[in-house]
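Chain lettering (A, B and C) follows the sequence in which the chains are written, and residue indices restart at 1 in each chain.
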Amino acid sequence: MFDWSFVQRYAPFFVNGALMTLFICAIGIALSLVVGLICAGIELARIPVARQLVRVYIEISRNTPLLVQLYFLFFGLPKLGVVWSAETCAIVGLGFLGGSYMAEAMRAGLEAVPEVQRETAYVLGLSPWQSIVRVVLPQAVSSAIPGVVANVIFLIKESSVVSAIALADVMYMAKDLIGMYYNTYESLFMLVISYLVILLPISLFGLWLERRFDYERR
Amino acid sequence: MTEQNGDAAALSVRHLAKQYANANKRVLDDVSFEVPKGRVLVVVGPSGSGKSTLLRAIAGLEPIQGGDIALGGEVIETGRPGSEKAGRSARSSELRTRIGMVFQSYDLFPNKTVLGNIMMAPVLVLGRDKAEVEREAIELLKRVGLADRKDAWPHELSGGQRQRIAICRALILHPEVLLFDEITAALDPEMVREVLDVMIGLARAGQTMVIVTHEMRFARAIADEVMLLEDGRIIERCDDPERFFTQPETERARQFLRTFEFERAGHDKP
Amino acid sequence: MSGADILLQPGVLPRLLQGLWVTVWIAAVSVGACIPVGLLVGWLMTLRNPVVRFLMRIYLDFIRIMPQLALLFLAYYGFARWFDWNLDATGACVLVFILWGGAELGDLVRGALQSIPEIQSESAYVLGLSDWQSFVHVILPQALRRLLPASVNLATRIVKTTSLAVLLGVVEVIKVGQQIIDANRFQYPNGTLWIYGVIFFMYFIVCWPLSIVARRLEKRWAND
């Protein structure tokens, strides 16, 4: 009933799909971290106008589904003369969606540092730069890590949607095999295993990272 | 000018005025006093009287709108009208190290060990030699009885230990004035004593200090001078703590001190 | 401008709105059904029974680590064969959203219940309240305050996730949009941009107010 030979035959497909998923996610998440850092910086520095734009971006990004964002980028933008490959659309989409989540996580991390820490640094004579680098950032990073890790996992899960613009990721492989051979069990089995293999180590690594950077627990 | 001579008070505050943004009343109004070298001034008063704000203004954490603050005869801060929304004072790093401050809580850096906390400012700000600073830090830790905890992390310490470390961290900069903002208020009662003992030791060693506290018995024991603050004004100043605590001059001071006494059951009740 | 007037074609906007209605309806049914499931799951997770706890952990961890799209595939293609269910695409979506939303909400309920200090139920006990009275009058009102902002956020996530239904072939707002685009391919070649733009905007209009409500609740009930 469960056809192991099918699994053996098509497992390499899923390996390729997983590599595609990881490729898109690695670049997309890196992009989201950069966008998040810039946005959090602008909000914290209270730069006028830019700050309002960041708010608008965050609201739009958080309140629309990635699938619709991708359709817009992949099918809509070419009509404006902007033609991007599916890979580029997926990466930009993940960066656009993830940027707002990362910005919120980083801002929360910075806000978690008590004011008295900055005051103490000031009273001890530390320069603003020393205060940020030696006192505020280490603590902010420590409090932001759980949120950032959660976002990384969230974005990898969200990336399953890129199959909808014909990118051959894990999800796409499962859909393809079910459509072609009707080996539903085996395909779904490999789908689940693929995501577990990708996400479990990352979530365990995240837990380790949280502990490593938690000044209260190590 | 006779400024910066040997006789100048360690700290002098003249006609200090302070107002928060969006407030219609001053938190500090025409506050003037001096603390001579090696003396201890204790500031008492009901909550909201402006005690903490006074210390924060001296430390440069709050902008002032009137009057000035001088350290060893040298004016370091002058009030600027309309500066309510200004941030911390732009005074130099070197100047900030000359005034130490210990806060009520959460002021140790959780990302540094005990030694890391103490050694940070002398090394980073004053550029002193690391090994020499470490030797001095360990000497200070010995003085407060915590030499064996030099490599501990702040979260591994009790509240009382943390405050003693915070005092060491301020002391290593050899501040001309040390400010204490209710540093035992967040502590369990059994830890209050160990911190106050350290402060009494400092007073004996001739450290100039300004202390805000609610511990009246401690205030009586340590003060060279007591100052009662209410609604941002000095109500009474007295360089004889015994007299202040037993026979204050003003009615307000009597009322204030009475809040620390207990009524005897069955008496004084209608 | 070329293309924009596709939106003014008779029937285009009404059809999109009908599609949106299907989306909102799926989300609303799912959210509604999530609430009892979430309360049950949350309550089960506070029990001390190790077997119940273990099962709940597995359920929660599995649901949370799988992409929702993978869950949809499992339900639509897998359940249909395992249990011989004749589950249509809409049914599969609602089922997955209930299981997923129930797990997420359950974890929120657990967190909210456990965040109430033990001393609250002890005080209620000492005052003579029964277990039920203590739960209804003391614990639940406090737990709800902590629960509500995150639950509204969860509702927003469910609305956004309904967009995946199109990938199973449910005729909701995106599918309707695609049909309109296909039908007008030659007449309005630039229609794609506008139709997807409108759908983008529609999701935003549904989700944004929810986000605002969640943030307001969070602010009002923070630290008290």
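In the analysis below, a contact is a pair of C-beta atoms (placed from the backbone, for glycine too) under 8 Å apart; a residue touches a chain by one contact, two chains touch by 3 or more.
This one's a predicted model, so the numbers in the text were calculated from it and none came from an experiment.
Enquirer: Just to be sure I understand: going only through chains that touch, what's the smallest number of steps from subunit B to subunit C?
Expert: The distance in steps between these two chains is 2.
Enquirer: By Cα centroids, which chain is closest to the centre of the whole protein?
Expert: A
Enquirer: Compare the CA centroid of subunit B with every other chain's and tell me the farthest one.
Expert: Using the mean of the C-alpha atoms as each chain's centre, the farthest one from subunit B is C.
Enquirer: Of the pairs A-B and A-C, which shows more C-beta pairs in contact?
Expert: A-C
Enquirer: Could you give the separation in Å between the centres of subunit B and subunit C, each centre being the mean of its C-alpha atoms?
Expert: Here subunit B and subunit C have centroids separated by 54 Å.
Enquirer: Using the average of all C-alpha atoms in each chain as its centre, how far is it in Å between subunit A and subunit B?
Expert: Here the centre of subunit B sits 47 Å away from the centre of subunit A.
Enquirer: Starting from the mean Cα coordinates of subunit A and subunit C, work out the distance between those two points in Å.
Expert: So the centre of subunit A lies 20 Å away from the centre of subunit C.
Enquirer: Quick check on subunit B: which residues sit in contact with 2+ other chains?
Expert: Counting only residues that touch two or more other chains, subunit B contributes none.
Enquirer: Of all residues in subunit C, which touch subunit A in the complex?
Expert: Checking each residue of subunit C against subunit A gives 3, 65-70, 73-74, 77-78, 81, 156, 160-161, 163-164, 166-167, 174, 181, 189-190, 192-193, 196-197, 199-200, 203-204, 207-208, 211.
Enquirer: Under the stated contact criterion, what part of subunit B meets subunit A in this complex?
Expert: So the residues of subunit B in touch with subunit A come to 59-61, 88, 93-97, 99-101, 103, 105-107, 109-111, 120-121, 124-126, 153-155, 169-170, 173.
Enquirer: Show me the residue ranges of subunit A that touch subunit C in the complex, using the header's touch definition.
Expert: 59-60, 62-65, 67-69, 71-72, 75-80, 153, 156-161, 163-164, 171, 174-175, 178, 184-185, 187-188, 191-192, 195-196, 199-200, 203
Enquirer: For subunit A, which residues count as touching subunit B in their complex?
Expert: Counting only subunit A, the residues touching subunit B are 114, 116-117, 119-120, 122-127, 130, 134-135, 138-139, 142, 215-216, 218.
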